[in-house]
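You will see chain A twice below: alongside chain B first, and alongside chain C after that.
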Partner chain A sequence: MSQSPLAIKTDNVGRIYKKKAAKRVSRASSPDSSRQLVALDGVTLEVEKGELFGLLGPNGAGKTTLIKVLTTLLTPSFGSAEVLGYDVVREPKAIRERINMVSGGETSGYGILTVKENLWMFSQFYGVPTKEAHRRSDELLARLELTGMKDTRVSGLSTGERQRMNFCRGFITDPEVLFLDEPTLGLDVHIARVTREFTREWMRKNPERTVLLTTHYMAEADELCDRIAIIDKGRVLACDTPENLKRMLQAQPVFQIRAGGLSESGIDGIRSTTGVIGLTQEFDLETSHHSLNLILQEESVISDVVGAIGAAGGKLVGLEKHEPTLEDVFVKLVGRSLKEDVTE
Partner chain B sequence: MRSISPVRLFFKTVHARAVPRMIGMKREPSWIFLEILVPLVNTTAFVYLYRALHAPEAYVGFVILGSVLSAYWMNVVWAMAMQLHWEKKEGMLQLYVLSPSSLMAILVGMSYGGIVMASWRAALTLIVGLLLFNVHFATDQLPLVFLVFGVTLIALYGLGMTLSSLFIRWGREPWHLALAFHEPAFFLTGMNFPLSALFASVPGVISLISALLPISFGLDALRQLLLPGTIVGVFPPMTELWLIAGLAVLFLTTSYISLKFMERQARVEGTLALRLS
Partner chain C sequence: MTSLPKLHRFNSTSLEHEWRTFRIAAWLGWQVESNWTVPIVFFIYAILRPISTALILLLMYIVIAGNHRGEYFDYLYISNALYLIVMQSIANMSWTVLEDREHYRMLKYIYTAPVSLFAYLIGRAVARLSIGISTSVLLLTVGALWMGLHLSLLSVQWGWLVTYFALGIPVLLSFGIVIAGLALVITRNGEFMGEIIASMLLLVCSVYFPPDILPVILRKLSLAMPVTYWLEGMRRALAGGLLRYSAAMGGRPISPRLALYSNSDLAMILACFSVVGVTISFFFYRWIEGVAKARGMIDRITGF
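== the complex of A and B ==
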């Protein structure tokens, strides 16, 4: 182990999956029945102790693969990765003693056990003394508003309640580095806020602890993370504080336009207007209006955009300029909205 | 966590993983019917068959002892061997691997829970044999009986742990594999007839396969010790005890190696979790 102030360090880390093609196809087309899927393509990151670090990326960007590499569940195909100075390939046990992970939508826990029994069981795999485990689980369940369910069998929990229990499972071992993979997936707005507040509070109380968070929710990343890495197709496209990332777009104005009567080809026409850097769209079923979010090369381009809307047979309903958001940064870097990706 | 010794962590994990089985037994008592009473019907049928054939009364004792050990065999094949497959399916396997505990400790915990469950069935079978079918067992070598029984269980559950890591690699539908191990074992181990009869009448390779199943010599030794003078064993009980002890060492070692190998391969191939993105 090298002495390192870093909680996480990856150096050109990559992961390639070998995927077997369907036998019938491979025999007919190619003697090589395997094809490769590059899930991570040379990711270099440094996360300091005490940081709440976010990974933002569309589905299949490599976020979960990176988490699996860092949690020692997957070996990298090339490059190296360290957690708390320990190598993920050579020293997995030393890492496992110091980390934990919560994945959104996981169905872990035995249905026959109660919430409290499940938490106790998991704590034992990390050697937490029973008395301390009960104290921590009481505290976590209270904080996550699950105290009333502590004696309920896991099989009787709703998806959201189960997710909250998993959240408690991640914290009960008091890890030095906690990996949260879409932790608020399936939680209602109130509980998602509670979990975010709790995560921040936990880090305030334990300034040496580190959290690596992946999320689809831009606002969550913006609110929680000290720094964010935007990742797509296995590569890190940008890595900075949310404020600095947004500053990247300071020279490029962001407009929101509401328009009616637009077709998909009309929107494509607007997208191809000279000076339009990024465009995302949402359709409001109630009003039948499209809401277009545009990142422009310069402010004067807006007149061309309005012209393009008219040429496409659309009717302008509203137009406003707004400060760049993380979503805009994401669109600029990835080329599409995270919302579009989620709904795909 | 950092201050706990590996040995203490091992036993804490064993205890923690045994608890779901214990609690399950208490909260879902249907197992009493399915795991204890239903299998007794099969045992009873064999007893009536031997009596109808006017077989020596010792054969009833053979069947009872066979049924006692079959409880553990069934537990090993249907619960232990498929366990990692189920854990993976339930999303638990990656959480086990993620923890600093060893998979061996997790499986030993499961085994412990399974042994308790199977022991209820074994005990009831024994009671039925003693009270209902008037089986008389010799009690002058009880310490050796318990030793043979204990070592047999260690070898048996060592085999179960090995199978568990094999089933998860090759068992997309592991119940087919379990069936492949389940049915032939009743023939290969002499569960309902003396093992010596099998060894005298089948080719050497089948005898060898039989000898690799811990129940075979375990059962043969127990029959010789508990029903002395009624059976010609394949080997004397002490020899068979040494052979079973050898199997225990072999299977515990192979389970350790195969679990390590399974984990390493799964990390390389990315197959620890069902969902990967």
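== the complex of A and C ==
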């Protein structure tokens, strides 16, 4: 190979799930199209070797589905995908030798084995020499603060501890491309930071390594990822560095407004004001104030917004303009906040 | 490429790697099987249950045939003991697939690892198969010592025993692989499938009923089943020759149909079945794995 292949390359890749119609729904009322679910709707992406690439999207956007296709767990319905130059459908074996995957938020692991045995077993499946496997296992367990538990049976671990072990399992085989599907889901703040730092360090040690990560946490994506693809309903809406994504909003000012006495319909009224591109809200129980985050077409729209608040019987408490965040970009593209998903 | 450490380190040949996969899977299988938190459960499951089945068999025999235990009793008793091995190898791997997918939630990680799932499943099967074999041996011993089974170490045809045993294992494991493949795509109640199929085979594999006494269709089916020939060969090797009704009843073979085959005929038939079985199960599994992957079943939790 004269030119080193891309770490990941997908070309209009898609996945359709056939939904079994629920028994109660009569066939006549559910035409064929409604029994199909397009989980991935033609995704085209290129990830270079050495990149830490993020997938950001609301629940059901298709992130996990894309990872399943790339890790050879699921056949795509159309389009094509390659990992390190190998086709996911035709050359799964070559891909499996070079990748690994960690899914967060699940309780996997052989309960009868100890933490150390679980890791050792997987290192063997990937042909890592035993001595090297033990060295890596010790190092990883120490970093994830599991050293004291290395001889504990997995059945005796908490969910978060299992997930930390699972995280170690992903790294112990030293993959060329590592897929992390919400690796920090459910981890406490401290350990979540440790995993982020470790991932960064691991990438720095060898520029041939690539990570594809999905997350629900904006700050995590912003801090960690070299590039981010925002996806929704199986489509890529934008793909760029976090800085460039935020720059997309430069012409569109973002305001934070605090107001009291607003009802849901009042907020809907504000949302439908001409010139409002995006609006997300949070309610502060203590002060019973609403905190509204608004992306506007242009600065002058703010006076209409203030007017709308007054018309809805609300009382303005505070108003400030701020630099766009990744969250704002997301709201503009997807039409709703990721936080609303998470708290659901 | 560069001076960087090479990330991918598959130095071993694929055969070496499959052997390693097999060994580790066997080790894992043993850990899982020997994890009887309550030894009494193990005792009931692996020893008491088969022995009580054998006792029921003995009682039924006495009720029907009186206290005289002829070679038909030997036929029934030996078949029953050997059927434990058949059962274990057939039900076993489908159970592993379901357990790994739904209980341990590890199937997707095994599947995306560079291992052959064949080597893995067969490795996992070793522990249960050993338990099945040990229980069979135990049953035969108990039978010979206390239940009037005509079996002595001196009359066993050891050469044939080893031959039949070795030829039978690939056939049994092929069955297991095919059913494991089905378990991969079946969404509900997959855990019973292995046992249901094994029980169906009970009827047509000359376990209790020689093919001669079955209705025509079942007889044809019985004669198409490799397990029929395996059991016949194993019975002959253990009993020290063809089993016959007593002289008072004419001394004819218990299965005249199977008596048509000499020992070497049976071995040849089993050898052919092994080759065919291994080939079919290989391609069937490859195909059904593709189906599972297309349907997204490899990591589906069906809540079995």
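The definition used in the following text is that the second predicted complex is superposed on the first by the 329 of 344 C-alpha atoms of A that agree within 3 Å, B and C clash if a C-alpha of one lies under 4 Å from a C-alpha of the other, contacts with A are read in each partner's own complex, and residues count from 1 in each chain.
We adopt the following convention: a contact is a pair of C-beta atoms (placed from the backbone, for glycine too) under 8 Å apart; a residue touches a chain by one contact, two chains touch by 3 or more.
For clarity, every value in this text was computed on a predicted model and none was experimentally measured.
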Query: So if we stack both complexes on chain A, do chain B and chain C clash, or do they fit?
result: clash
Which of chain B and chain C A:M248 touches, first, second, both or neither: neither
- prompt: Is A:L316 contacted by the first partner chain B, the second partner chain C, both or neither?
  reply: neither
Message: With both complexes superposed on chain A, which partner does A:I277 reach: first (chain B), second (chain C), both or neither?
response: neither
Message: Quick check on the superposed pair: does A:L333 touch chain B, chain C, both, or neither? Answer first, second, both or neither.
response: neither
Message: Looking at A:Y17 after the superposition, I want to know if it touches chain B, chain C, both of them or none. Which is it: first, second, both, neither?
response: both
Task: Scan A:F122 for contacts with chain B and chain C and give back first, second, both or neither.
output: both
Query: Looking at the overlay, does A:L113 come into contact with chain B only (first), chain C only (second), both, or neither?
result: both
Touching partner for A:L237 - first (chain B), second (chain C), both, neither: neither
Query: After lining up the shared chain so the two structures overlap, which partner does A:N59 touch, if you call chain B first and chain C second: first, second, both or neither?
result: first
Shared chain A surface residues [contacts with chain B and with chain C]: 17, 68, 71-75, 93, 96-101, 106-108, 110, 112-113, 117, 121-122, 124-128, 174
Chain B-touching residues of chain A, taken from the complex the two chains share: 15, 17, 59-60, 63-65, 68, 71-75, 93, 96-101, 106-108, 110, 112-113, 117, 120-122, 124-128, 153, 173-174
Task: Sort out for me which residues of chain B touch chain A in the complex.
output: 1-2, 4, 8-9, 12-13, 15-17, 19-20, 23-24, 27-28, 90-92, 94-101, 106, 267-268, 270, 272-273, 276-277
- prompt: Inside the complex, what are the residues of chain A that reach chain C?
  reply: 4, 17, 68, 71-75, 93, 96-101, 106-113, 117, 121-122, 124-128, 169, 174-176, 206-209
Complex interface listing, chain C residues touching chain A: 1-2, 4-5, 7-12, 17, 20-21, 24, 28, 31-32, 35, 104-106, 108-115, 290, 293-294, 296, 298-299
